[in-house]
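Heads up, the next two complexes both have chain A, just with different partners, chain B and then chain C.
== the complex of A and B ==
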C-alpha cells in the first residue's frame, strides 16, 4: 500500500454530526410508531382549528377527505425524515471520508463542510414540512420547507457531491494516465 | 491464487495450507470506482424535486359499506349482504339521514335484502346515494352564493364539493344508467360542465348554476324511484 492509497478520516465534528443525524432518525422512527395516534390527533385538532388554511367547508363528506390527505402527508413527512436522516448520515460518513482523502487542505475543508451541512440539514426539511402541514397546509408547508431547508441545504449537498464526483473522476483519470 | 484474491482486496497469508484470509483496506481508487455511480445517482435523483408521495383517497365507511353489500349480492350471498347492512355504517347513515330521504327507504332496503331481491336493493341504494350527492350539490350552491365569495375561492370550494359528489354518484352511476339512461347522461354532462367552470375560476355563477342542475337531476332520480311516482 502506498502513501497515496492511505485513507484519511474526516474531522471528529463531522463524524459526530453524522452519528447524531442517524440517532435522530432512529428516535424519529421510534417516536412515529410509539406516538402515532397522539400525533395524528394533535395534527387533526390543529387542522380543525384552522379551517380556512385547509379549505374546510364544514361538510363532513368533503372535509374528511381533505383532513385524511393532510394526515397522510403529515405521516409521510415524518417517514421521509426518518428515511433520509438515516441515509444521509451514512452518505456524510462515506463522502466526507472520500473528500478528506482526495481534496487538498483548503478545498477539502470547504467540501467537507458542504457535504456535512447540506447532508445533515436536508432531511430536517421533511420534519419541518410535517410540522408545518397542520398550520400552513400541505402546499404552504412544502413551499416554506423548500425555501428554508430543501433548496439551500439540498443545493449545498448537490454542489458538494458534484464537486466530489469531479475529484473522483480527475483522480481516476490521473491513475489511468500513469 | 493469492494474486487473484489480492486483486479484489484480500490476500492469503501465513504458511501454505493454513488458509487464513485477512481483509485489508481497499485501495482508494477501487473504492472511488465503486462509489462514482452512487455519487452520480445521488446527485441526479434530486431532479425529481422533492417527491413527497402520492395520496390515494380511501372509501369512507358509507361507501365501503355500499361496496360490501353490492359485492355480496353479486356473489349471490344475500344473507351476507343482509348481515353487512344490518350491522354496518350504511344503515346507520340511512337512519341518520332519514328526514332527507324518501319515506321508509331504510325499511324498504331491509325488506328487499331479506327477500334477496338484488335489483330492488340496488335501486334503493341508488336513491340513498343520489340523496347524499344532491344534498352536497345544494350545500355547494348555497356556499357559492354567499356574498363576498371571491371567484378563486368559489372555484376551489366548488371543486372539493364536486369531488365528493362524484365519489358518491360514481357508486351508483351504473344503476342509474340502466334505469334511466337520459338522466345518467344529463348528470355526467352537468358534472363535466361544473368541473370545467371550477377549473377556470372565471365563471362562479355558471359553476353555481351547474351545481343547481346537478341537484335537480338527482332530485328527479330520487322522485322517479319513489313508489308513488313509479306506480301512480
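== the complex of A and C ==
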C-alpha cells in the first residue's frame, strides 16, 4: 500500500470534536427519554410564566392548544438535535478524512476547519431553538437560532462540502490528464 | 486503511453535499417550495382529480404538497446516510477485498446504489406532475427499486467477499 492510497487521519482536535458531538447526541437522546416529563414540565412552567410571548389568553381551551403545539416543537427541537448531532459527527469524521487525504496543506487546513466548525455548530441550533421556545415562542426562537447558528454554521458546512466535492473532482481531472 | 478510488469518493461527497443543501433548502425555502408545489398541482388538475370544489381541492392540494415535502425530506436524510455508507463500505472494499475485478464490480454497485436517494427527488416531483399514486408508483418502480437493489447487491457482495476470507494484501 502506497502512502497515496491510504486514508490520512484529520488532526486529533477534529476527531475529538466529532466524538464529543456524537456523545452529546447520545446523551441528548437518552435524556429525552429519561427526563421527558421533567423537561416538558419545565418548558410548560416557563411558557405559563410568559403568557404574552405565547399569546395565552387565560381561556383553558385556547391556551392548552397553544401550549401543546409549543411543547411538540420543543420536543421536536430536542429530537432534531439528537439526530443531526449523530449524523454530523459521522459526516465530520468522513469528510475531514477526505480533506486530510486529498487537500493540500494550506487550503486543507481551512477546509477541515470549516467542515468541523460548521458541522459541529449546526446541530446545536436545534438545542438552542428548544431552549428558546419557552422564552421567545416558536417563531421567535426559530429566528434567533436561524441567524445565530443555522445560517452561519450550516452555511459554512455546505460551502465546505461543495468545496470538498470540487477539490475531489479537480484531483480526478488532474489524474486523467496525467 | 486504504481509500477507494477518487470517483467513489466524489460520488460520496457529492451525495452528502446534495443532502445537506436539500436540508437547508427545506428549512429556508419552505414557503416558495410549497407555493411551487401548489402551482404544479393546479397545472395538472386532471392528474390530481381536482373537482372545482374549494374544500375538496384544498384537501387534495394539502395532502399532495405534504407528500412532495416528504420526498425532499427523505432525500435529505437518505443522501446524508448513503454518502457515509459509500465512503465506509468503499474503504472496506479497498482495504479488504482481493481481486481487481471484484473490487471494481463492488465499487460500481455501491456507487450506483448510493444514488438511491435521487429516487426521493423524483418521488417529490412526480407526485406533483402525475398525481399521488402514479407519482409514487413511477419513483418506486423506476428509480427507488432499481438503485436500492444495486445498493443491497453491493452490500451483499461485500459481505460475501469478507466472508470468503480472501484478503487483499
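Please note the rule applied: the second predicted complex is superposed on the first by the 172 of 178 C-alpha atoms of A that agree within 3 Å, B and C clash if a C-alpha of one lies under 4 Å from a C-alpha of the other, contacts with A are read in each partner's own complex, and residues count from 1 in each chain.
The criterion applied here is as follows: a contact is a pair of C-beta atoms (placed from the backbone, for glycine too) under 8 Å apart; a residue touches a chain by one contact, two chains touch by 3 or more.
In this text the structure is predicted, and so the values were computed from the model without any measurement.
Student: Could you look at A:7 and tell me whether it touches chain B, chain C, both or neither (first, second, both, neither)?
Tutor: both
Student: Once the shared chain is lined up, is A:51 touching chain B (first), chain C (second), both, or neither of them?
Tutor: Once the two structures are laid over each other on A, A:51 reaches no partner at all.
Student: Where does A:90 make contact in the superposed view: on chain B (first), on chain C (second), on both, or on neither?
Tutor: A:90 contacts chain C only, not chain B.
Student: So in the superposed three-chain picture, is A:80 touching just chain B, just chain C, both, or none of them (first/second/both/neither)?
Tutor: Only chain B is touched by A:80; chain C is not.
Student: Considering only the touch criterion stated at the top, classify A:129 as touching first (chain B), second (chain C), both, or neither.
Tutor: After superposition on chain A, A:129 lies in contact with chain B alone.
Student: State whether chain B or chain C is in contact with more residues of chain A in the superposed arrangement.
Tutor: Of chain B and chain C, more residues of chain A lie in contact with B.
Student: Taking the superposition as given, does A:169 touch the first partner, chain B, the second, chain C, both, or neither?
Tutor: A:169 sits against chain B and chain C alike.
Student: Looking at the overlay, what does A:72 touch: chain B (first), chain C (second), both, or neither?
Tutor: Touch partner of A:72: chain B, not chain C.
Student: Can you pull the chain A residues that chain B and chain C both touch?
Tutor: Shared contact residues on chain A (touching chain B in one complex, chain C in the other): 1, 5-7, 91, 94-95, 98, 101-102, 146, 150, 154, 158, 161-162, 164-165, 168-169, 171-172, 175.
Student: Once bound in the complex, which stretches of chain C touch chain A?
Tutor: So the residues of chain C in touch with chain A come to 1-3, 6-7, 9-10, 12-14, 16-17, 20-21, 24, 27, 80-81, 83-84, 87-88, 91, 94.
Student: What residues on chain A touch chain C, complex-wise?
Tutor: 1, 5-7, 87, 90-91, 94-95, 98, 101-102, 146, 150, 154-155, 157-158, 161-162, 164-165, 168-169, 171-172, 175
Student: Sort out for me which residues of chain A touch chain B in the complex.
Tutor: Residues of chain A touching chain B: 1, 4-7, 55, 57, 59, 61-62, 64-66, 68-69, 72-73, 76-77, 80, 91, 94-95, 98, 101-102, 125-126, 129, 142, 146, 150, 154, 158, 161-162, 164-165, 168-169, 171-172, 175.
Student: Can you tell me which positions in chain B touch chain A when the two form their complex?
Tutor: 24-25, 27-29, 31-33, 35-36, 39-40, 42-43, 46, 50, 52-53, 55, 57-58, 60, 132, 136, 139, 143, 156-157, 160-161, 163-164, 167-168
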